[in-house]
């Protein structure tokens, strides 16, 4: 569970919701005034349309799939990975590494799919060099793919305010054009102008909200996670190589501890 | 067929078209209010004029030619290239490589012009080093040329909103200047002002639309494709070198598979 | 005490406070008009919410903790560090380095925690190479951590004006929507519009104030300090290595002087 | 003759001129309303004043001198340079290279001043290494100088809109200040306000026009040409070295062809 | 005397002064309307306050001290430095280098403090390696220091428009808030609004003027000068090393000429 993103989203929604409720009450209008399906279509649909042209479709889909992943967070720490490898090193020395693959994840912690792949290949008897190459390739393509997803998400955040502006310009042109023709009897032209102006501004509001509260922060987070995963993968690869060589668990611990900041290291008593 | 660009364009047009239709109906004006030939000339013509100064003419023409190419997409995958080279390696071993050049593209897949050039040079008996140099030069100039096209396209996207702003300022100055002289009898000065204001804003709208819905996404896509082509060309060159040496088809497959991500690789049974 | 930051803050508050007092008096309104809790919540809360999504929570907390540190400044100069090491070198030669750890900071100057760590490790009998590695790791992780804090602070400064704009758009939409419904009797609609407009603009004002007077200058300062600390740490490491080798105090002075600009160097008589 | 820049300038002037003529007719005002000497002084003079502070005077003068050069274009192609060197190689072999210097440019093509310098030095009997050093230095300082000119031109394009905004703010402050005093009898205050507003906006219009239609595209072109000249000079230097060694014309052709893209190369029959 | 900066400043003041005078006359107000002490305090004071937080105080003071230096310009050319070193080389050969230190600057040209330092150290009998290290360190710290000054100046130029906007928002909020309360009898509310609006815009005007006419161009110039000084110092160091070795004046001339562009070189007859 990624607590920061959850707190951020809830905090943002509470603040913006309260502001909308209080603002609407002050002005004597309904909060629903802020909801406009067509404005939503222009901003979100328009940003997606432009991004679908700029990026191949799989990148755009991957970017949107990243929303869910941001909240999932990680259910393990770097220290857990060290602990896992120490346990696996014990099994590897007894020649029972393959057994680990049959156990359920709850019992024996396989926190990173990457680790499992490495063990399977060792159990299958592949050469050390082949295992290294395959794991490195796998990680490289993951990084390239996820950077593209984060870039497509950032592009959504770049286009959302642009389409917000386009929507407002649409509204302004029609509003002004409509004002130029005489108003039918019984309609207050000023009221009509003001109401149309309010609607026109909603796309600009949506563009800013989607960019600064959704697309851009999520894109930043995706880039941040990608950097972290690179360290995890380097550690996972080093661990797999150590398992292959049936290195003693204590040395495995020391070698992998080097990837951690001091206070997070797995100590003797752990 | 590049599905993403098509979906993006259709989605964008549907959204913007609906927004325009609904907006016009709400305001009691015709949708045609948004169409203004002079505004189009200022934004698109102005952006092209400025880009024609900034870039040599062939680059600007190449950029505009790129629009069509974006939709064409690729009718082959990286895996197809591997398959082609495996088939050609079979022919090369039999000493019948030249035969491949006479067959129709439908029958024998020549998906990349680059591959054909390589085969022709091999059939013509050129030296391996000359073939490598010529293919590398050819690829290098292609990349330089296409980056220039994408840059010229991006420059159009940079100038379009600027000329949109210039057009609106033209409109505002004349509108305000016109308001300062007394209106002839029978003309409502406010209606005249509002109508002129609507027209003045259209160039700003066009500038944003052309930049964010056309020029900039297409430029992004052209840069993206260029990066992909670099990988394809590196693969094509490696393949041509393998054909020259009459390497066994199975080894050709393994060597070229290394350019692909794992799940896309050509497997034994393929 | 960081005098510059204090002068900057006081100067800024005096200028902005006077401007507000005079402006309010001129307009015949109270200064309190500028205070609006909901506007504050939108700008500061919104910026924090977005930053909490973009960065992991510890980075955001570290950034906010940096505010206090900016004012603390440094209570020592680079020259003091040279002097400390010269004194310690004297002790080290006598084999009494461990004694320095028992003395109170006032008596024997331990101005940098980094120096203390080095001495403790030397006193504990660790190997020179281990001491170097540990001190280097410690410094590297400090730098990475503090750059993240400064980046999170800069992100707050980037989002504050955005949420200022969002708040103003909220206000404008409600204001215009509220104007479109007929005003109840006894309420002057123009006065209502103007008052609502004033409130709507306050979030834009807050966004600019928080970004340009708080978040961005503090982020710049945090980055500046980080660069300085890198030099201090390099000097601290060099000093620890010299202590380990029990180098003569005069040579310690010459070697560490090289890190200082000429006029700040510790001279013979100092 | 640089056709692209000419087409761009003519196209831009035709579009903007038509837009001005039609817009003026629609508004019932004269096109001359757009002409304002003081506005021109603020935008162009202001931008030049700021650039004269930012850059040494020779760079600013060089930048303005670049305007004329953009239209001149090149009266030769890369292929012509190859042809020239082939002809000169013929003379060099006969030991008559110095003769080429006496002939008129029409007869014997000396398209690049750089080539002439090389030949003169060879005829003067300078050493090969000295010729190389002098030609390289000459080219390096040319590139540095022309990049500075292009940067000064870009700076003009950066300051023009800024001074356009300053001019508009001047106008707005005076207009509003003037409106606050009661209008003399017989003057319509609204008409006065609107006319003043129109004038105030002209500097913003000029700022955008000069930046996006003159300074920035010309600066881009100057940078583009500079990149091309680097290739020409590398080719010219290679050619001079080949002449010095009295290499056979056919080999000169092959060596210099390598600088050209394939379709532009000088072929056997040429 | 730096002629460019002087011309730029005078030209800018003349243009802006004339524009203000003519604009004020047209609007029937006094030019003094543009002078507002509180606005000046907000823009310049605010920008300085924010920069005092972002940068240590000495950098801010150094930046402001740079204003005077920009006008001073250089009273020597690169060629003069070559000439000086040739003269000094003559003295060095006669073993009378120390004599040069006693002469007055008018008589014997000591145009660069850097040169004097070198000669003094040679006369003091320091080792060649020590002189080189000291001169290099001195130059490196000068460059770092002056880049910081230029950056602090640029930061002032970045914050000035921001505080201009903050001042205008202050003014707008109070103006609108003041309009919402009924005007006292005898005060025209529209005139009051317009006058307040004029004042509010003055900070935006000041922000743009200070940024684009002072802070940013001066910062650019300071960066430009810093680059030039690097070349001068490299030349000065080379010269000092040649003096140390008592090299013949003619060779000193040739070696130092290499730093100059061709047409500026010291020739035989000079």
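We just call them A, B, C, D and E in the order they show up, numbering each chain from 1.
Just so it is clear, contacts are C-beta pairs under 8 Å (C-beta built on N, C-alpha and C of every residue); 3 or more make two chains touch, one makes a residue touch a chain.
Given the structure is predicted, the values throughout are model-derived calculations rather than measurements.
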Completion exercise
Shared touch partners for subunit D + subunit E come out as none
Exercise for the section: Please strip out subunit B, keep the others put, and tell me the connected groups that result. Expected result: one piece
Practice task
Specify, for the interface formed by the sequence copies subunit A and subunit B, whether it is same or different in terms of residue numbers shared by both sides, with half as the dividing line.
Solution key: different
Fill in the blank from the handout: For the C-alpha superposition of subunit A onto subunit E, the rotation angle in degrees, rounded to the nearest 5, equals 145
Practice task
Averaging only over C-alpha atoms, locate the centres of subunit C and subunit E and give their separation in whole Å.
Solution key: 28
Exercise for the section: For subunit B and subunit C, let me know how many angstrom lie between their CA-based centres, rounded off. Expected result: 46
Handout entry: Chain-level touch network, classified as line, ring, star, complete or other
Key = ring
Handout entry: Round-the-ring chain order [start: subunit A; next: subunit C]
Key = A, C, E, D, B
Practice task
Write out the stretch or stretches of subunit E touching subunit C in their complex.
Solution key: 38, 41-42, 45-46, 48-57, 60, 134, 137-138, 141, 155, 159, 162-163, 165-167, 169-182, 196
Handout entry: Complex interface listing, subunit D residues touching subunit B
Key = 3-5, 7-9, 11-12, 15-16, 18-20, 22-24, 26-29, 33-34, 70, 188, 190-192, 194-195, 197-198, 201-202, 204-205, 208-209, 211-213, 216-218, 220-221, 224, 261-262
